[in-house]
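In the part that follows, the structures are each spelled out as structure tokens.
Each of the next two complexes has subunit A plus one other chain: subunit B in the first, subunit C in the second.
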Partner chain A sequence: MTTKRSAAGLAGLARSAPWLFSFVGALVIFAVTLAANNWSGAGQIITAALSFGAFYAIVGIGQMFVITTGPGNIDLSVPATIALAGAIAMTTMGGSDAMILPGLAAAIAAGFLIGSFNYLLIWLLRIPPIIATLSSSFIVQSLAIVYGRGLRIAPPPFLAEIATGRVLGVPILAIVTILLAVVMAVVLHRSVYGRSVTAIGQNINAADLAGVRVGTMRFATYALSACFAAFCGVMLAAFSGGASLNMGEEYLLASIAVVVIGGTSVAGGFSNVSGIWGAALFLYLLITMLNTLGVGAGLRQIFTGVIIVAVITLAGGRKKGRG
Partner chain B sequence: MPRTILDPKILRSLVPALSFAVLLGAIFYVQPRTMSYFGLNLMLNLALPIAFATIAQMFILTVNDLDLSIGSFVSLVACITATWLNEAPLLGVVALLGCIAAYAALGALIHLRNLPSIVVTLGMSFVWSGCAILLLPSPGGSAPDWLSGLVKFRMPFIPFSILASLILGLIVHFALMRSATGAVLRGSGGNPQAVERAGWSLLKTKVTMYALAGFFGVMSGMILVGTTTSADANIALRYTLFSIAGVILGGGEFTGGRVSPIGAILGALTLALVGSLLSFLRISPEWQIGAQGIILIVVLALRSLVNRLEERQA
Partner chain C sequence: MSPSASSDRPIVELNDVAKSFGAVKALDGVDFSVRPGECVGVVGHNGAGKSTLMQVLAGTLAHDRGEVRLNGDVVAASDHSVARAHDAGIRCVFQELSLCPNLTVAENTRLRHGSIRGFGWRRQAARLIATKLDEIFPDHGISAGAVVGDLSIGRRQMVEIAANFSATESEPRLVILDEPTSSLDQQVASQLLAYVKRFVEAGGSVILISHILGDIFGTCDRIAVMRDGLIVEERPADKFDRHSLVASMGHVTDEDTPAPQSQASESQRRGEPIVSARPPRQTDDQRLELHPGEIVGLAGLAGHGQTALLRLIHNAARHRSRYASVNGKIAFVAGDRQADGIFPLWTIGQNVTVRSLSALSRLGLLEKGREREMEDRWRETLKIRTPDMGDNILTLSGGNQQKALFARALASDAEIIAMDDPMRGVDVGTKREVYERIRQEAENGRAFLWYTTEFDELVNCNHVYVFRNGLIAADIERDQLSEQKVLHASFEGEAA
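Right, the complex of A and B next:
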């Protein structure tokens, strides 16, 4: 009886505050890590989690808007975009502080073009977004390889300072990303664009009949996701002392994982931004915990995978629409 | 209306075969020496495991799911084949059967809890990779003799890879497209409600399709090791994207249970041959993956054209 009631309570909580679970999970893992570490080094762990979590959060927010527009909508071109944008930014900047803004603009513009190309394929060829972003990511990947060949240009000092520096112990990049998350949460829940994206995800035909400009909104969503991936690429290159071709690799899985663990429905039409931060911290702390416990690379991957599957199994498949 | 060559249905099924023929023709034209037993064998040897992985992916796509873990799964199978199956055959066989059972269990989990396959298989890709790393931390191992003997077997007149692809395509075609069971399996992707109302268990069809995908994934990994004679944990990661692209190239639709086994194999071979053509044209291998993307887009554009033709006729 009590278990039934608490299960119902949990389900209710999952509906009213889906972001809560990722933060609770992050806290639990954080506590275990600290215990294994003899209750020391808490500050260091939090700082590292905030820095690395920020990268997950940036790509996660873009991916979330795409996933919100409904089943089958996933941007697979994130890793290729990260690699190309990072290379473009580092080349344009050429290590000079004065060129930071032009370099950033060039990278974001490249992201915008990639996103536009993605939607052009979806719209013109009427193909599922997964296939469209997959095909374009092949091309972008080749461009990144050719463009970034043997290139290892150090980031401008000021940009590197932003990517790695701290204010009062808090990473600057984390502050920027938290602000970004707040802005995007307002966009998602309060702006015409955000409401339209949610409406499209719940029922694209109903949204169309209700006067939502479906095409424009979907175009904006794919462009937005690619721009966020491009921004992540620039900051990642600045963080790690230069762009590399495979620096985007892990972000395909990570971007989807943080969205889902954060409580956004994969069926679309139901999402939140704050859960992404919780999930980003969760993912990074999980890796830290397994490292602290002395778990090897193989077991670490197995645990990560099992936990992703367990989270989605517990969260359950939400039926499409309001149900 | 007479069934002419312009009939969209025929056109659509011709697109994969035509793109394969055009590509093969271009390769023969650029490098006539490939038009031989050894040339074809060399070009297509590494395509055979991709064809098997593509068939595995096709089973998942038939029931409206997507498998983002097939590449890491094939890698794990390759690691098991190059270690356990070689040193302790019994343990190896049990492990490989366990892999297929795990796939069937995933199908059941996805169906019972109504989970998004993309996320579940994404998580599983970590699990497969982790197991592969545990088993074979650094590249190595060796293929069982009987396996490399089988894959390297020199058939008279026709290369093994071509014959194997042909047989694979025909078997899966007749089992899935021509049999009564196959119709039910495809129907559970096309209209699940109707299949369920008609008295078939959707759970059973999903488990069957996932088990079949696991089986062909295992075949893919074993053949891969037979060809390369050793394995590593990342050996087949690119198969995930290749297999999805192959099914789509071969005329498969993303939803609705509309797939084509023969087309899927042609799609996989086409993608594999792109690399050969580029190297014969002396284009740097850096453009290889980009060229595969362009071919994918061109074929999809052709198909979209055919579909519009069909709409206009209707």
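Right, the complex of A and C next:
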């Protein structure tokens, strides 16, 4: 394979600082939006971006670990998990502050069960993850419909405050999610689990022979992703004043988009957490910008799709050393 | 094949060619040429630059400096490509096999030969490859319709070789064989070398890279010795002898040193074995046993169930198995580096420490300092040739990658090390270092399971099991080991 000199600089940057592109992109779009807005309302836009970006980031982090475990690994049950977990949490809490922790625990436990079920299908029946998580998502979504039909329970006031409140103008949820991202970055880069997941993503066979507990690690990864989706479902219900069955819809595409735009390799084995935040801001700001410019919903979707393809193309040319 | 005998112009000619990978100078000004009708041997230690030189010849790498001439025409570095080299008749069989495992033998052949097209291309390709396989390896037993991934590594190598020697529109004029015999058993290897001689007599040219000096002496007209990115000696083959050739490679070695007597004697073979296993299809009560401090060899022809049993034992250390009981931790040294060993996105250091992650961590978090310390210690111990263990693993030459895989296993807490023919394509000097290391480790109580296709390596073992058709066919003790015995057990019942 011949090395193309021209692309080498960009590719080198993509390797050493893969998260950079998403932040640069977010900044550019932010600037365009501001310009279209006659340079006003910057504070508002940033606050909104942090609030909405936090939800993208939460599901994105879970999805990132799944994608890291290698080609073919993906969790399509995110939206259904969000819907079911949100409904379970709101019912358990029943609007009472005292029940916040039990409700959160119940929702996360539901997420854990969904993730376990996903991996059970993948491992026991040897179904490709894309099919396994898609079919389990139908089951989960049906459960959510049965369980949550006509459900309209307001979130406990304290939880709603966390989801919508601000400290010094910064959304509390964003602070929580940034802390979460820091913790998960440490997990990815410094923990035995993170190292194992990146090993599996590069060469599952070699990982097994190198003593990595492949089955356990993959199980943990699918469970983790579903738990993050469940947490997102709880916060989303708290944020929007109650759970609704379709509130997870947009998070399927978004969870994958923020991972890819954030510089994680779709081929597995090479990931980063900070890029997810950059991509989450980017994605929200992109929607804001298109709104500001008066672009319709359909065109927005097309733009998002095109951008994901463009990012994969730009970041996809992974260079190798000598053969 | 009828090259014009009148033109004695070199097929390929290199003048002062250099190539660097980062700080590593793989080639440092090489002059080299090959004329029609000669077989040139290239020898040297790992990292001497042989593979890089061949990649420049084959057009897969562009040179940084110097001049490359194909059939007399200067080719600029930017113009040099596989297609260009291919047009000049250069074919290359690399150490890392380049067949698509999901396609059949015939389909892979089609990929090499663009002129096969139209209806019935599968049949044409099948005929082409089958004819060549018959010509080089009579009784090869490979079906053109077989999926490559299902073939043993030896047979894949045979397909690769035959595909490169077959001619369609453009004929092969210079075929580069990089360690072609290392994954072939001896009978097939000698068929190949005999074919190479016929090919050269008919006017073709071959570059043969091999660590088996007998192959080089028996086949080549001229030998080039590489060391540190340079050709340090180049003479007709009959002007070298075994000793002078090894000497010019730079390692002071004595080929005739008798195999060192191992400390562990049979009398130690008492008490509970830490590994006891039998192949699933074994019908008699023959078992493989391994005791602490022992080196046990798995011999036989390539691909006769040795690797399968090693993997079975490796898995049995974690999950129950009907066929094996393992009382200890086990580490695996891969022979097929790309498929079973290397993590290509990681640094050399990460590739070494991956087997020891839990030992290097506290509360699930890795301790950077201790990881770094392990990396540097094993770079020193096994003399891994790199300026920085933080460089990507693929910056290393094949032999040094293999050292990193050894370091991974030896640095771990495993009491048992399973080795899957790990010395394929590794030079004599490195081999000796590693043998010495294995003996030391065995004296300290570690146990080794060693699958090898080279008889010379079996003399390091206390006990040898010979495999045939997936079964243990013979169980030979150290003091009764002879090449005759191993061969006899490998072939018995099959030869007419």
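In this section, the second predicted complex is superposed on the first by the 309 of 323 C-alpha atoms of A that agree within 3 Å, B and C clash if a C-alpha of one lies under 4 Å from a C-alpha of the other, contacts with A are read in each partner's own complex, and residues count from 1 in each chain.
In the analysis below, contacts are C-beta pairs under 8 Å (C-beta built on N, C-alpha and C of every residue); 3 or more make two chains touch, one makes a residue touch a chain.
In this text, all values refer to a predicted model and were calculated from it rather than measured experimentally.
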item	value
Contacts of A:Gln141 with subunit B and subunit C, given as first, second, both or neither	first
First, second, both or neither for A:Ala206, with subunit B first and subunit C second	second
Contacts of A:Pro128 with subunit B and subunit C, given as first, second, both or neither	first
Contact breadth on subunit A, by residue count: subunit C or subunit B	B
Touched partner set for A:Arg149, first subunit B, second subunit C, both or neither	first
Which superposed partner A:Ser196 touches (first subunit B, second subunit C, both, neither)	second
Touching partner for A:Gly298 - first (subunit B), second (subunit C), both, neither	first
Touched partner set for A:Leu253, first subunit B, second subunit C, both or neither	first
Interfacial residue positions of subunit C with respect to subunit A in the complex	21, 26, 51-52, 55, 60-62, 81, 94, 96, 311, 314, 318, 331-332, 334, 339-346, 350, 354-355, 357-358, 361, 364-366, 368, 392-395, 408, 412
Contacting residues of subunit A [partner subunit B, same complex]	71-72, 74, 121, 124-128, 130-131, 134-139, 141-143, 145-146, 149, 253, 256-257, 260, 266-267, 296-309, 312-313, 316-317, 319
Of subunit A, residues touching subunit C in the complex	1-3, 186, 190-193, 195-196, 198-199, 202-203, 205-207, 209-213, 269-270, 318, 320-323
Contact set on subunit B toward subunit A in their complex	66, 109, 113-116, 118-120, 122-135, 137, 241, 244-245, 248, 254-255, 284, 286-294, 296-297, 300-301, 304, 307
